[in-house]
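In the two assemblies presented below, subunit A is common to both, partnered first by subunit B and then by subunit C.
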Partner chain A sequence: MLPSPFAFERPSTIADAVSAVGESGDGMFYSGGTELLLAMKLRVIHTDRLIDIKGIPGLDRIVLNDANDIEIGARCTHNKIASDPVIREHVLALSSLCANVANVRVRSVGTIGGNLCFGEPHADPPTMLAALDARLVLNGPGGTRVVHADDFIRSELETVREPDELLTVIVFPRPTGPVTYRRFKHGERPSVNVAMAWSLAAGGRTIRSARVRVGALGSRPQPLKAIEDVIQGISVSEVRPAIEAVLPTALGELEVNEDRHGGADYKRHLAGVLLLRNAEEAIAAAGNA
Partner chain B sequence: MTDVLPISFSLNGQAIAIDVQSHMLLIDLIRDRLGLKGTKRSCDMEVCGACTVLLDGEPISSCTTLAVDVDQREVTTIEGVTPPNGLSRIQKAFVLHGSLQCGFCTPGFIMAVTALLKATPHPTDEQIRHYLHGNLCRCTGYTKIFEAVRSLAAEQVSEDAA
Partner chain C sequence: MSATDNMSSVRPDLIEKVTGRAEYVTDLTIPGMLHGFVVRSPAIHARIVTIDTSAARSMDGVLDVLIGEDVASFGCWGVVLKDRPILATDRVRYVGEPVAVVIAETIEIAQNAAELVDVEYDELPRATTIHEAIAEDAPLIHERHENLEDFYFKGGARPTQNSNIFHTYRNNVGDVDAAEAAAAYIHEDRFTFPAISHFAMEPHAVIADFQGDSLTVWAGAQTPTAVQKVLSRLYGLQLAKIRVIVPFVGGGFGGKASVKIEPLVAAASWKVQRPVRIAQSMAESMLTCRRLGADITIRTAVDAKGRILAKSAKLLLDGGAYSDTGSAVATKSANRIMGPYVVPNLRLEACAVYTNTVPGAAFRSIGGPQAVWAKESHMDNVAAAIGMDPAEFRLLNLVSRGERIRPDLRPLDMDMSDLMGRVTRSFASEVQASNRQARGLAVAATDPANTPISNAIIRLKIDGSILVSVSSIEVGQGAHATMGRIAAQTLKQPTSAVTVLRTDTAVAPYDWGTGASRSTVVVGLSVESAALDAADQILEMVADVWELPRENLSLVEGGVSTGSEVLTFHQIFHRALGVDSGEVIGRGAITPRSKKGALVESPLFWETSAGLAEIVVDEDTGEIHVPRYASAADVGRVINRIAAEGQDEGAAIMGLGHALYEVLEFEDGQPINATPIDYSIPRISDVPPVLDTILVENGDGPGPGGAKGMGEGAILPVAPAIANALFSTYGIRITDLPMTPEKVWRALQKRN
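Moving on, here comes the complex of A and B:
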């Protein structure tokens, strides 16, 4: 089906894009369109003006900055992140996540920023970015604000971003320990996914802190606080029994939607399996470091 | 409110300059305005791959791409990879291995395989499966398609061979 008509603008600066969206009526930012155009074709989203951000320089940059943070421009396609040397060197799990989003055509044009802003619960990147403690930089008419990935998605298909705020860059500290990600899926979108990021103490045998996020089960990625707490400060070799001891309780606290991806018990079980496999991978990685 | 925008792009090596409505989809431009019917619409939601065309060499879903987005770029369709007489080596391999029955998904597969072999001339079995998992075929069960691509992966061809 055709989207209903709209005006199309191609600003060349962030400021012009922000003011173009805010001008009058409903304007929307647009890049790859892999989520937005689907919704517009189904006529569940209508916009008077589509503001194409692909002509704005700098939004597709990936760098390790002087503060030892990794910056990913919001307009980077999944393909670009998958093959980027900085990402491959420092966060290989993010590279392979992006190499497996949807399908090859979506990865050619779909962007990480668009994925986040759509707020689709069954998505890969939000879970990983929350585990990486990413901050999202939003540029609006009143200036810039920074939102933590954990706080960005408010509910299903809903984020805290105002319509005239452009997500420009995603920033997270360069990981200092193993980062792992696993998902289970029936179709193209994950039914359950689990991301885990460890920060290792000097020597690499003790976990200084850990972040664990489970995605696709509720309306947004959820922390597994009990798991994070139990593995903090322990030796890598003690991780598995420590996780197993608290796993049923931790999984029981998750908010789980029952949907066509499965029932709640089944999805909780999957989350536990994926978490333990992530742990095995991280233990091996820490052993090899 | 509708915008009509002038766009210029290369379609299978031929320069095209045309005015399009901003909400026109690439597949409709290709099929209905420019008359190239090889590109197929099927799922209309980027899942099946029947509408695959190449944009600057990268596979995209023409069903969910705005026509205005190909401005100043290169579009390649199934017509562009089919020699004037006969078939390309990818098409021949599909015929030889019985990789099609009804044929509706075939143009999309040929375009995806074209992009795959351009980027990775000798893909591993795993690379073939990973790249093609987003193209659906309801006839062959995929094994025959996989065999055709594997036969191509093993071939040594010069850079400019079609």
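Moving on, here comes the complex of A and C:
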């Protein structure tokens, strides 16, 4: 099928892009188009105007800034993140996440910003970015605001972004401990995924704090508070029994949709499997550090 | 040799395809061509109350909107049962059924206008599964059944009036009851098999140009002569006035066999008297046809030594809303559930039933994957129940070469124990066996309906170039390259001298069609015989003009050797005809009476395969990995090794899709994953890293040089082989496909 007719603009500044979308929100930002064009062809999204953001310079930068934060431009493709030296050095798990998203065509044109803004629940980056405590920078007609990754996706296919706000950059603190990520998928998209980021105390044998997020089960990534709490402050060697002790309760608290990806009990179980596998990897990584 | 020459020597179409020059239906433009877009039923089973096309018609660029009423007077069509209207008229029987066609200047306009066609439906009671359809009080999906005997296949359907059963096939040998009474052990199992999409990369696309009493159709059709025949009957046109042109086809797998959307597109063109193109999306093609799902009960009785005494099977096939070739699929499923074992007493019953879902259709080895899934899983269950090794149990019961699987079928023409040995040795040759030996085996012997009817024309030109004209379709399998090779080899000319024409029924002689693993054998024989006829004529010419004894003459590259010299084709034609031009036309015809009646008995050859799978299961997630798979088939003789291996590898991976990923799901009749986004097929990363394809050649097939047909066998053993590995090592028996991680995990939970 073909999309219904639309106008096309290619602004070269953020401000022009924002104003081109228009207050009425009848225009839409167009990045890699891998979600958008598909939805337009299926006629589930209708828009009069596409605002191509590929002409705006600077939106595809990846840097470690002076504040020791990593900045990823919203226009970075999955491929770019996968092969970027800064990401590979500091968050290898994000690099391999992006190297395995979707298929080769989607990875070469699909962007991290497009992935986040689409708000698809069966996605990989949102889980990881929430575990990394990322902040998303939105530029709108009234200026700039910052939203935490945890708060960005509101519900299935819906984010807190206003139609005329452009996501420009994703910022997160350089990780100081092991970051691990696992997904389970049978088919195109992840059925469940788990990201875990530890920050280690000096000496590297004790966990100062941990962030654990489970994705794809509900409409957005969910924290596993009970797990975060139980491993905070304990020695790396005690992690596994500590997690196992609270795991059933922690998993029980997750909101889980029954869908084509499987029954709720199965997916909950998978989340536990992935979490424990992440923990094993993190324990090994901490041991090698 | 350059890379491109190298590719061309394998298959001349490869370069055309990788450079994008190869033409498919959607690459063609016919002067004056309009575009049609199909409005489809969102209802599962409903009466059409009204269709309002006025808004669509008033849109700029819309020429007309075709509805059922316009063409109701042409009546229904079918290839076995005459059950199908050109366009739904009073009633729709499945979600996706065509209800109207908007015909417009552009595809965009047609599609936009289609959203304005307003159809009011009044829901009818429905039967969306086999069991709903055969229930006592099931609503009838078709009120009457009209059989077309010998129309497409030999024979026809045996419908049960006033029921949804549109075909029943029975075959009984010996006395099953008596044998069971004497048996040491009886074991019964039930298996189910889902609907599966053909998922060809090229969806159905057809251009039709109706002009007065003649009709030209460009279609990606596997059986152009069947399309021609159905259109002729339906529209009352002479066969000679209907031309079906088939350019390259982007995959068929049976989904483009018999007749699909051609009558509909022809109707659209008839309505506007201009050429009309309908190019479906993949999602639309997923609503056009699919493999028949099945519910199979199978029972085996054995004696104390493990010899099979009797076997009975009841197969119920879900034929969807229109029968197409579902009756033949049912019959074949019964034939394919028997062997290759010695079964002295047999009781087979297969029924095809209508349901309110996408119509079932032929699909690579019709009825085969359903039957073999059940019978080979069952074999391991029986072996386990009597405490025998499954391979030994099979070896003990195999039919040997020359023995009959059933009295009415040709004796087995190969050694199944040899195939089993080959896949086993393939694994043994690997140095590093994985520590957990989870292996499963399955074998199959199927009887392709290869219909020995074909014609070929070969024209040998004065410059030594050769034109081959057949109705075989190049659907990606390499049939045309094979025909070219057979012509070249028979005429002793280089393959580069041969051109095989794309099929055009106005030029190509009659052939039954491309399917049932028949082309290399049946069409191949007709090409060989046409080549011999052409050779005969040119040799005769030399004998006559040069006054030489025929027996001294032979074809050589570029001409004819007289023994003492070589006369070029130029010299021959020039001297014989007096001018420097000309050609000879060789004709080859294969009928059931050819080869002194050797082609009469069915099947022409047995299509056989053995598969051995090694699997590793992640017991925490239920995910199955297949690190190794070996597939063996007896193909008689390999004509083009790369193409032949490609066929069997492709079939095995398609089988892997059936085994682990694929199911076209319906929820109360509503398709829920009929889009390429939601439907999963295996990817290259899912292909077993070690995939061994073994082709056994004994030169004993009925085709050219002893070839047998191939390309459908290797799909069969994959699913049961994997399931048998799961059973033997992990202690779980999965009885319905696909074996998804969740299903496996649940079975593992239950086992624990």
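Things worth noting here:
Note that in this section the second predicted complex is superposed on the first by the 286 of 289 C-alpha atoms of A that agree within 3 Å, B and C clash if a C-alpha of one lies under 4 Å from a C-alpha of the other, contacts with A are read in each partner's own complex, and residues count from 1 in each chain.
The definition used in the following text is that a residue touches a chain if its C-beta (ideal position, glycine included) is under 8 Å from a C-beta of that chain, and two chains touch if they have at least 3 such contacts.
Treat the numbers as computed from the prediction; the structure is a model and nothing was measured.
Subunit B and subunit C, once both complexes are superposed via subunit A, clash. Look at A:L2: by the touch rule set out above, it reaches both subunit B and subunit C.
The partner of subunit A that touches more of its residues, comparing subunit B with subunit C, is B.
Contacts of A:V273 after superposition: subunit C is touched, whereas subunit B is not reached. After overlaying the two complexes on the shared chain, residue contacts for A:G262 are found with subunit C alone; subunit B is out of touch.
Within the superposed three-chain model, A:D48 lies in touch with subunit B and out of touch with subunit C [touch as defined at top]. In the superposed model, A:L64 lies in contact with neither subunit B nor subunit C. Of the two partner chains placed by superposition, A:A39 touches none, neither subunit B nor subunit C. By the document's definition of touching, both partners, subunit B and subunit C, reach A:E188.
By the touch criterion defined above, A:V106 lies against subunit B but remains apart from subunit C after alignment on the C-alpha atoms of chain A.
Looking at subunit A, you'll find residues 1-2, 4-5, 38, 103, 187-188 touch subunit B in one structure and subunit C in the other.
Across the interface of their complex, subunit A is touched by residues 1-3, 5, 21-25, 28, 44-47, 49, 52, 55, 58-61, 64-66, 68-69, 112, 115, 130-131, 133-135 of subunit B.
Within the complex formed with subunit A, the residues of subunit C that make contact are 107-108, 111-112, 115, 281, 620-621, 623, 661, 672-673, 675, 677-678, 680, 683, 740-742, 745-746. Contact residues of subunit A toward subunit B in the complex are 1-8, 33-34, 37-38, 41, 48-50, 52, 54, 79, 99-100, 102-106, 108-109, 187-188. Of all residues in subunit A, only 1-2, 4-5, 38, 42-43, 103, 184, 186-188, 260, 262-263, 266, 269-270, 273 touch subunit C in the complex they form.
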